[in-house]
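Common to both upcoming complexes is chain A, partnered first by chain B, then by chain C.
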Partner chain A sequence: MTVQARRHVWMGAIPLHLHLHSSEVTSLPAPPPFLILAPRNGYLPLLVDAIRPHFNSALPPGSDTIWFDYQGLPLKWNIPTGVLFDLLCAEPERPWNLTVHFRSYPAGVLSLCEDEAVKWNFINALKEAFYVMYGNTKSIMNMSQSDQVELWHCVMKGDLEGYDRLAARVKPAFGFGANVGRGFGHPPSVAETAITNPVTRAGKPGRIPMRMYLRMVDQDLNDLFDVRPVSSWDDVVYVTCPIDVPKRQGTTLTLRDALMKVVPHLFSSSPTISNEVTSEAPSVMRASSNAVHNEFNGIVRVQGIEPSLDLPLDWVARNLCGPEHFVHLSVICTLVAPSLPPGAAD
Partner chain B sequence: MEEAAVMEERMGLAVVQACRALRQRHREEEGAHGPALAALFTALSRPPDGELHGKMEALQLELSQSYQKQSQLSEQLLHEVTGAQAFREQLVERENSIVQLQAELLGARGRVTQLEEELEKKERALEASIEEMKALRIQVEELDAKLVKAQAENRMLIDRWMEQKMKDAERLNEANAMYEDMMERFKGKTLDDLARAQVDGIVRHSEAGAEDYVESGMPTSLRHAMRAHDGGCSTLKFEHGGGSLISGGHDRLVRTWDTERGVPLATLRGCLGSVLDLAMSHDDTMVLAASADHKLYLWEVQSGRIRHTLTGHAEKVCAVDYSKASNRRAVSAAQDRTIKIWDLQTGYGVNTIVCHSNCNAVALTMDGDIVCSGHMDGNLRLWDVRSGKSASEVAAHGQGITSVSLSKSGNAILTSGRDNVHTIFDVRTLEAQASFRALGFRVATNWSRSCLSGDESYVSAGSIDGSVLVWSRRLNETENSLKHHPSAVLACAWSNVRRRLASADKNGGICIWE
Partner chain C sequence: MAGIWDGTLTAAEFEAAALHLVEVWKSQCPQLPAWTWHVYEPPLKSPVLASSAVGYLVLQDVHILSEQKVVAEVEDIHEVDDESQDIATLEMSPGLPGYEEHVYSYHVIYNESYRVPMIFLQGHFLDGTPLQWHHVCHDLPLDSQQISHESRWTFLTQEEHPFLHRPWFALHPCGTSSIMSLVFASPLSNAAKDSSNDNRIQDTRNFLPSSDQVNILPSPNQVSVLQPPYNEISALSSKPQKSSRYQEKHRIDLMKQYILTWLSFACPTVGLTIPSCVFKPTN
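Up next is the complex of A and B:
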């Protein structure tokens, strides 16, 4: 089941409905909109080869880099497409209506996207993740050039098997090959497996690389259809937050624990034990159990799903991370956390 | 522990839920849209069905055909347009050329009118010239007529001339006959004379004139004084017959004078220089004049015409003498230090004698074989005429000899020199027989002529002071001094016939004394 989950994550794609921006239409009639499936773990500029031929005949002379906007907001190309979708489409919209631009690149808002910028962005993210996980980037730096290129090609194609094979070659602990074999067939054995597997322990990441995107909305989270669109990237906060993995045996962090640690203020009744989360396992347990009463005032999305906060972080890191090993959490929350009484949610 | 179990259970539930959510999401997103999109793309890229396909192909074919046609038509159009363009250009060109040609035509017309005008002018000129030619032709005809007339006249004149010639020839024949006759008589006379001379005991070699021998008398009075030559009279001679006098002067004329009446008889013209010396043929028919223009002129006295002009001297000819034996021979001396012997029949020089001193005076002996010449170095020289060689030489005077004159008999020769002495030499021995000088006497020029009287008893010479002195040979002293000339006396001459003495001065006057 988890194997399937991982495959779903890898195969995940968002249907895009692309319009050419009206200022760039030079043909009559305007070219019809273009439909395409964009991989969730991919990046928008990688679609250019498929999109350009469709609009080529309508384009004005000259050339520039392709870019996209959603409701007036230029989309950052260095954020995976799935994350953008989860974050910006408060209420999922399928297919996703985007406007495509081939001219007048907004260099002030977006960083320049040159030939291999997307690839380097990926590699850098990979390095960052490795640093977070192991404290160094040696294994990436030691990759041969051809392996690196092949890895990148696997990512672009969504070739999970090739990716896993390469990852295994780079470092036994890299990737999840060892665990994939065993799987998470039975949830009760999760913690056990993670602890007892010597290989895993040997290469066990010290921390889990997590990146959180926080979008504030001034509306009730239950009705997000008419939410005000994001007008500027200033309205979105995103942070890279490594989560320490407790060394102690028998302790399993959940997604809730991680969130408590990063954005404690989003919990309706902020527990006083926040400092103890990492230090004391029993208290964590208690906190987790107590957290039932602590309502999280926001929507968390990972890979297009809104997971239960009881989801073990370990599992999340293994199955819901992108190819660069980051776990992207999109969080939509109200601007001011409503101070609901603890029991109101029940 | 129970709590942990609960927790684990909850976590497992959450994982299951997450997996379900992922599947749900998959179904909603790529699972739902992927096949739809695939279907859409396959629909778009699916080939159209047969009928439509066939139709479309037909239509496409039609379209391509029509495209082809269109392209052909457009090509044709292009062709036509270019053709039209070319035609237009041609037209413009033609128009330009028409304009050009019109301009040329205008120019040509102008030229034509100009040429016509010129033609008219030319025609007029032609007419004028034709008229002129007519006139000229008429003139030519006239002239032809004149020519014919003149030819006729000429012929007539020639006839007349021939007639005259015939007459002349007849006369010449007559003269010859007469001459023959006279010669006959003369020979007879000579024989008689010879006989008589032998009877006298003296052999005389004299000419026919010797029979006219007359005793000379001392001239004492002036008979005539004549104004003869402008610029001076340099020479004068009496005819052998004695009747008339000839004179030559600086006015380039030779005149003959009647000594009796003192009037001029004739004037011989033709000489181009001053006449410096004269000679008369022994028969008095010819006069030979030596001129300063380097030539000698031979006149016939009768007609006054020049028979010959003798050329050959390079300087002025200062002396001349006629042979007393023959009419053909003459001798002349010039300032070019030559003495020339002439054949007067032909007018050619026969011989030339070159000497080192200028010759002022010459004389031929009676037989005409010896030339006596007086030179500037004061020597008297004798030359053989035939060989041209010096025969004899004598130092006669201290200074240059001015005159040499032979006596009538031919035995004595009188010379005068610039030492103012006159000497008589014996021709044969060249011994000085007598010499004359006088106080106050001075020879006027290098060519002052003195003379002996016919009987050889008197010597006369002109002085620079205008007096004419006469010496008696017998007394050997000055006998008379005749004074009338206003200037230096240049020449004097005795008449053979009558006792007359003629003298000429530098002013051109001639005095005849008796």
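Up next is the complex of A and C:
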């Protein structure tokens, strides 16, 4: 089950329907659109070798830097492709219609994507995730250069087995390959010791690496068909928000609890009420009473799935994280109508 | 393990330390460009996220004369045999041939993952054209330049500004907490119980870029100025039986110094000087 979930996540892909921006078309007729399957956990510029030959003959003279836009919004290449899709395509559109550019790079909005920038963006995110989980980056720093390169190749190829093999070889070992033994009769302690780390007890992560992308829409969440597209990155709030894992035994943190910590105002009733009532009760009870009383006013997407908010966060982190170990939560929520002062409507 | 401080701080401590820096800076060196605290205003109608720090430190309009060695030589040659040379370039180096003026902004932002402050910078020419990585790198002190080239992707890189969501340059924060835990450890008490630990502090000082260029890093007597709170933190780790309110009070006092102390080596790394007067005791 767990193995399957991870394999599905790694195989996830989005069909792209690309057309060249009209200002860059110098051939007649214009080149036909190009269709390609983009890995969810990949990054758009990595597709350049597949895309460029198709449009090459139509391009004006000059040097190339590939970038993409969706309905006029330049796409951040450092955000995994699947996250961009979940966030920006409120009503999932397949294939996803994107415009590809090879000129006029919008350097004011997008980081330059030169040489090894994409690879290092990944390695640095992986390091950051490890710091969040274990309080150090030993696993990554102890990796040899060639192993790092190989790991990166596994990520680019979507090779989960190769990735897990490398991750298990590193000291301290990482990856969730060892952890999946749990469901298959291996003693859990073996799996646990594989990622044992002196900083945290029992090798359990102290915090869960999470990034949240928040987008407000001005209409009913049940009808997102003709929602206004995101026209600027200023309209999206996105932050890295590590979630503390409770140290007490028997406490299970759910996805709902995590959302409650980061965006409490998106729940329909205030979480403080139930906290007051059950402040003496164990936190398990408190968490469950919150679950009963508070409704989340938004859509949460992880890896293209709208998960139940009662899933244990730990499960989400192990199975739905990207190869850099971050859980990317895309949240679409409605604008809460501001209470207008009397007479303001006129 | 418990009791040994890991060199990190919380978002609330970050804000307190930032406000402390703003205050000290204003009172000790009013003639210099001021650090200011900017409250993050989320985009129109968007909710604020509950957990993150709500502001950051800003220092802007810092003018740097950038030495343009190669360009300057070429221009000199042109000047001899060609009157009609690039006027724009000339205007950029008023009075100082071989130099051009770059204008920088520096932001100090709390990093939720590493739980440390992080310095972001952005520069532009006088005409507003943004500086690229190689320009920024060229403006760094020599030792930082060297590290930048050796560690192209792990030292100074283009990163997205966490609030503005635009590409800025940033120093990687992954080493900050370990340096801070060493800097804040009391050198004296460490020397008494563990001489090897003391050596590590020495090593860190040698390693810190540019500490020789500006007298920034607390010299031994400056450290002694800040000694009382430093002693307290070792007291915190060795005598947990002291009242928790007492501990909390001293932790707060100590953490207020965090950003100032950290800037004392982070700023020189990016070529920014910090006047030693900000380290004078304020009372």
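A few points about this structure:
Definition applied: the second predicted complex is superposed on the first by the 299 of 346 C-alpha atoms of A that agree within 3 Å, B and C clash if a C-alpha of one lies under 4 Å from a C-alpha of the other, contacts with A are read in each partner's own complex, and residues count from 1 in each chain.
In this section, a contact is a pair of C-beta atoms (placed from the backbone, for glycine too) under 8 Å apart; a residue touches a chain by one contact, two chains touch by 3 or more.
Treat the numbers as computed from the prediction; the structure is a model and nothing was measured.
After superposition onto chain A, partners chain B and chain C are found to sit side by side with no clash.
Once chain A of one complex is fitted onto chain A of the other, the partner contacts of A:Asp69 are absent, as it touches neither chain B nor chain C.
Looking at the shared chain after the overlay, A:Gln303 reaches chain B, while chain C stays out of its contact range. When the two complexes are overlaid on their common chain A, residue A:Trp120 makes contact with chain C while staying clear of chain B. Taking the Cα centre of chain A as vertex, the centres of chain B and chain C in the superposed model span 60°, given to the nearest 10.
Once the two complexes are overlaid on the shared chain, A:Thr254 sits against chain B while remaining clear of chain C.
In the superposition on chain A, A:Asp164 makes contact with neither chain B nor chain C.
Look at A:Leu311: by the touch rule set out above, it reaches chain B but stays clear of chain C.
In the superposition on chain A, A:Glu93 makes contact with neither chain B nor chain C. Of the two partner chains, neither chain B nor chain C is touched by A:Glu150. Think of it this way: put the two complexes on top of each other by chain A, and the tightest Cα contact between chain B and chain C is 25 Å.
Across the two superposed structures, the residue set of chain A contacted by chain B and also by chain C is empty.
Listed in rising order, the residues of chain B touching chain A in the complex are 3-4, 6-19, 21-26, 28-30, 32-34, 37, 40. Residues 1-2, 4-5, 8-9, 11-15, 35-37, 92, 94-95, 184, 186-188, 190-191, 250, 252, 254-255, 285, 288-289, 303-312, 315, 320 of chain A are the ones touching chain B in the complex. Residues 76, 78, 107-112, 116-117, 120, 123-124, 127-129, 131-132, 135, 137, 199, 209, 212, 214, 216, 233-242, 261-266, 333, 335, 338 of chain A touch chain C in their complex. Against chain A, in their complex, chain C makes its touches with residues 1, 6, 42-43, 45-47, 49-52, 111-114, 130, 132-133, 152-154, 157-160, 162, 165-167, 172, 174.
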